[in-house]
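Each structure below appears as structure tokens.
Look at the two complexes coming up: subunit A is in both, with subunit B in one and subunit C in the other.
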Partner chain A sequence: MSTLRILRDLLRYNGEFAVGLMLVLIVLAVAGCSFFSPYPPMDVYVVPPDVPPSWEYPLGTTSRGQDVFWQLTFAIRNTLLFGIVVAALSRVISLLVGLISGYKGGWVDRILMSINDTFVVVPLFPILVLFYFIMRDEMTWAMLAIITALLGWAYDARLIRSIAMSLRTREFTRQAVFSGMSTGKIVFQEHLPFVLPIVFSTTMNNINWSIGIEVTLSVLGFTDINTPTIGGMIYWANQHTAMVSGIWWWITFPILLVIMLFIGLFLLAISMNEYIDPRSRLSRLGGQA
Partner chain B sequence: MIAELRSIPSSDVVKAPQAVPLLSVDGLKAYYKVKLFGIDREVRAVDDVSLKINRNEIYGLAGESSSGKTSLIKTIAGAIRPPLRVVEGSVRFAFKDGERDVYKLSPHELSAIRWSHLSYIMQGSMSVLNPVRRIKHAFADFALPHVSAKGGDFTSLVERHLKRLHLDPAVLQAYPHELSGGMRQRVTIALATICSPEFIIADEPTTALDVIVQKGVLSMIREIQQEFGSSVLFVTHDMAVHANLTDRLGIMYAGRLVEEGRTRDVFKRPLHPYTAHLISSLPRIGDEAPKKGLEGSPPSLADPPPGCRFHPRCPLAIDICRREAPPMVEILPGHRTACHVAQADPARVRPVA
Partner chain C sequence: MRAYLAYLSKRLVQFAVVVFVGINITYLVTHMTPINPVEQSISAATTYGATSPEAIEMMRQSLRQLYGLEGTPWEQYVAFWKRVLVGDFGPSLSAFPTPVSQLILRALPWTVGLLLVSTLLTWILGNLLGGLAGYYRNSRILKAFGVLSMGIHPIPYYVVAFVLLIIFGFLWPVLPISGGATMASDRSNTFAFALDVVVHSILPVLSLMAVGIGGWFMGMRALVSNIVTEDYVVYAELAGVKRGKILRSYVMRNALGPQVTGLALQLGAIFNGAIITEQVFGYPGVGSLLISAVHAGDYSLVLGITTVSIVAVSATVLLIDLLYPLIDPRVEAR
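The block that comes next holds the complex of A and B.
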């Protein structure tokens, strides 16, 4: 009930939230259409190739004889799913590392943070390319998601750790220790609710980041190109020199859709910040921080 | 101030001496030791403190800030975290179901006596409740593991306890920020006393409350103490609270216990020059003479003066005070002090005008 009211107020008073939600809903609707596709995603030459956008083929067809719209529905679904899986996995790691390292301190903190800082400074992109060259055919969609998640948790773990460090010194933590609560219980019952709103906001950014990684890698052909993704579509369009031969619709619509997703998630993330940070709520009420 | 809370037992009503006091602290030394990155520091927050607390008694502990009050009760409760370390001494409880030496218990055994036998109302109780958890969750998190009742039984136990303390059980649904300061303080006390503990440690529970709320909180503690027959170790620097609430009073100065006796005796006839100055600093009705402050300030506990720690500020200091730390000696019945001058001639220590 109160969640619904929060959503209603955000829609009413927060323009960013309204626009972001609308963009994300459009993208989700497109992804949902994939379940009603008349063609299997991998089949080629099911429609006449190189037809520009028309009533029959609203977004045109590709040089491989695929309908751009239906192909796009699969592509955005896989790409979105990729972002969500990566974000979920990396959230779990960053929560575990951040909360435990911040609460425990001492040598646990030192070990976890040296691992953490290694991941912060390691150059991600060359490593992902390296993984592709080593694994080649084993580099499936799921494998790429796991590897990206393992590389994408470090910044947020540091953020969560800083909050956990401050929570550790508060009285209720001492009370919890005095009552004999275990580390796990203190961290996940007492401290987790504090960091969840921040995690929620960083999740959006993490989805954006991982989609960016995926698109970049697929455009260059460093992923499993047989799973339709946004990057994969652009890769195939480039392979058929779509821009040179004037098949602009093959490359424009995937890019437009993924930009809509980026902007939508970004707006949601910043409007979430406004909801989470009470001071910005105060300024909306006319109060001063 | 808080008046007519209850009558203070007069000095001539001497309680029958008890065979085994509930708490005996013997020669306790607890230091903050830091030896890291070239810093080698030792802060003697609790230095050679011995005291006994009987059953069914409210023992007050007074002293200015940084005199080691909180460190002392932390070590008594066994809530010791580095850099605080117990160097010497023992803390023994004689609970109804057996004696316990706090420093010989395993962490598991220590956890078992907490809440059920020994509870601790922490300093800054306003923040003892997690601001993002409802009060009922605070009860479940902190007290449930120590109670045999589970589920619905536990909830009704909590509600009964709150009602007994004149609190509306509806507070269980609230978040801490929805309660006033006084309410939060009462909920914290209710949380600490749910298992009818035999020994309650209260660390400045009335600090930062106005006197009206203070009165409510104090009578609540008094009620709990009388109903359960518990002992309370009550720590505050507010002498008016001590005068109204406590049976016996210990005065700490620079990490040491300097005087101890029945509250009325300590107020009427202080036997340590520090206590004498402390009591003369309290305002009295009709007294319009300006108060004279004592020269100097409490010594650094990292580098305390030799001998009696009060001697640099003591107007009565004699030679021996600079060399030897005075032991705690019983001068009048039930009234101990650590002062060479008072031990030689108690009449020399007199209330300062």
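The block that comes next holds the complex of A and C.
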């Protein structure tokens, strides 16, 4: 019930949340359409090629004889799924590292944070490219998701650590220690609920980040190009020099849709952040911070 | 001084850790994957037409040496580090026999220049506008800029660069969309050449700035609007200190510290963005070199670029950290 009330308040007082939610819902609806597609995603020359947007083909057709709209539904579904899988996997790592590092302190903290800072600083893109270079055709969708998750947890782990550090000094932690709770229990039963709100907002940003990686890599042709994704669509359009031959609808619609997703998720993330920080929430409700 | 030395040594250790872990990831990626790169290259090379078994065996030998797959795992690991420390990645396969290091050195100035200009412009402009927006909360123009930069901020570099390319390359072709300078241009006239380079860099720099500026803007605005409520700012206002001076010396100065740290943390991501932007605009830097190396199957070049970028980025982060006490002298006391 309270979740519903939070949602209602957010919708009423937070314009960013309302816009973000709307954008994400539209993208989700498009992704949902993929289940009703009349064509299998990988079939080519199922419709006449290079037809501009019309009543029959609302977003036109590609030079490979695919309907842009139905292709787009599969592409956005796979892209979105990629982002969610990466975000979920990397959340597990950043929660583990952040909570343990923040609670333990001392040597454990120092070592974990050195590794953490390394992952923040190291330029990940060349490493991903190197990875593709070695794997080549063996590079599957799942493989890329795992490797991206392994590289993308560090920034949020630091955030979680800072919260865990302040939780450690609170009364209830001391009481838990004195009543003989084990470290694992304290961290995951007592502290986890406090960091969950911030984890939700970092999830949105992490989905954005990983989709950005996926789009970039597949546009360059550095992923499994036979799984339809947004980046893969742009890759094929580039391969057929769609822009030069005037088939703008092949490139424009995937880019527009993915930009809607980026902005939607980002707005959700910042509005949640504001909700978590009560000072800015007060000023939004008309009070004085 | 003593405190600064302690700070210095801590930063140096962190630098060493970053390089060590980064290079080890590179090693793991190249050696621990279930794929045998040698067999892959051979099958790629022998797909078209038959080759004699002796020739294949010779090829296998030389490829094994090149990929550093000779000897026990420990020997391979030591040999890998030796090559990294000396900076010798052997000759490039696609531009044989030019050494990899020479190719990278040729491309590096372009990337460094692009990064330096765009990062400094983005950081300064973003913080300045963000500071103003946090201090003068009711300004319409700054609010509009905030919404605009926030809208572009979450979009990845590739997409922004690509959209700019379409706008200035197809819809309104006024700027050069490819290359670092006009091809086969006369380089004897230094001024004209410099101008040419600047004109060619406008689009890449713009796309890097468009993505980057929102983050600094929002960060600075949040920091400043927090600092403005502090007692000492209220006191300075009541004491009649000029608003401009309050903003410059009381508010911005204090907010600058976290933003410098932020720059150090973001540098890796900014570098990634530059690589991608270069590829989109055909800029002759490290990024384009990396992508073309992958397409050409040039293993030593890909490995060389990855290693050099890890070392270069972490060295720059170290440099920012070392300069940090100039902005915030309190670090030394910590």
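Everything that follows uses one rule, which is that the second predicted complex is superposed on the first by the 287 of 289 C-alpha atoms of A that agree within 3 Å, B and C clash if a C-alpha of one lies under 4 Å from a C-alpha of the other, contacts with A are read in each partner's own complex, and residues count from 1 in each chain.
Definition applied: a contact is a pair of C-beta atoms (placed from the backbone, for glycine too) under 8 Å apart; a residue touches a chain by one contact, two chains touch by 3 or more.
All values reported here derive from a predicted model rather than from experimental measurement.
*Asks:* Based on the superposed arrangement around subunit A, label subunit B with subunit C as either clash or fit.
*Replies:* Overlaying the two structures gives subunit B and subunit C room side by side.
*Asks:* Output check: A:49 vs subunit B and subunit C. Expected answer is one of first, second, both, neither. What do you get?
*Replies:* neither
*Asks:* With both complexes overlaid on chain A, does A:180 touch subunit B (first), subunit C (second), both or neither?
*Replies:* first
*Asks:* Between subunit B (first) and subunit C (second), which, if any, makes contact with A:131: first, second, both or neither?
*Replies:* second
*Asks:* Let me test your reading of the model: by the given contact rule, A:65 touches which partner, first (subunit B), second (subunit C), both or neither?
*Replies:* In the superposed model, A:65 contacts neither subunit B nor subunit C.
*Asks:* Is A:170 in contact with subunit B, with subunit C, with both, or with neither (first, second, both, neither)?
*Replies:* first
*Asks:* What's your read, subunit B or subunit C touching more residues of subunit A?
*Replies:* C
*Asks:* Could you say whether A:105 touches subunit B, subunit C, both of them, or neither, answering first, second, both or neither?
*Replies:* It touches nothing on subunit B or subunit C.
*Asks:* Tell me, in angstrom, the smallest C-alpha to C-alpha distance between subunit B and subunit C in the overlaid model?
*Replies:* 10
*Asks:* Under the contact definition given at the top, report the residues of subunit A touching subunit B in one complex and subunit C in the other.
*Replies:* Shared contact residues on subunit A (touching subunit B in one complex, subunit C in the other): none at all.
*Asks:* Show me the residue ranges of subunit C that touch subunit A in the complex, using the header's touch definition.
*Replies:* 13-14, 17-18, 21-22, 25-26, 29-30, 33-35, 37, 40, 150-151, 153-159, 162-163, 166, 170, 229, 264-265, 267-269, 271-272, 275-276, 279, 290-291, 294, 299, 302-303, 305-306, 309-310, 313-314, 317
*Asks:* What part of subunit A is in contact with subunit B in the complex they form?
*Replies:* 170-172, 174-181, 185, 189-190, 193-194
*Asks:* Which positions of subunit B touch subunit A when the two form their complex?
*Replies:* For subunit B paired with subunit A, touching residues are 77, 79, 111, 114-115, 120, 122-130, 132-133, 137-138, 141-143, 145-146.
*Asks:* Can you tell me which positions in subunit A touch subunit C when the two form their complex?
*Replies:* For this pair, the touching residues of subunit A are 114-115, 117-127, 129-136, 138, 155, 205, 208, 211-213, 215-216, 219-220, 222, 234, 243, 251, 255, 258-259, 262-263, 265-266, 270, 289.
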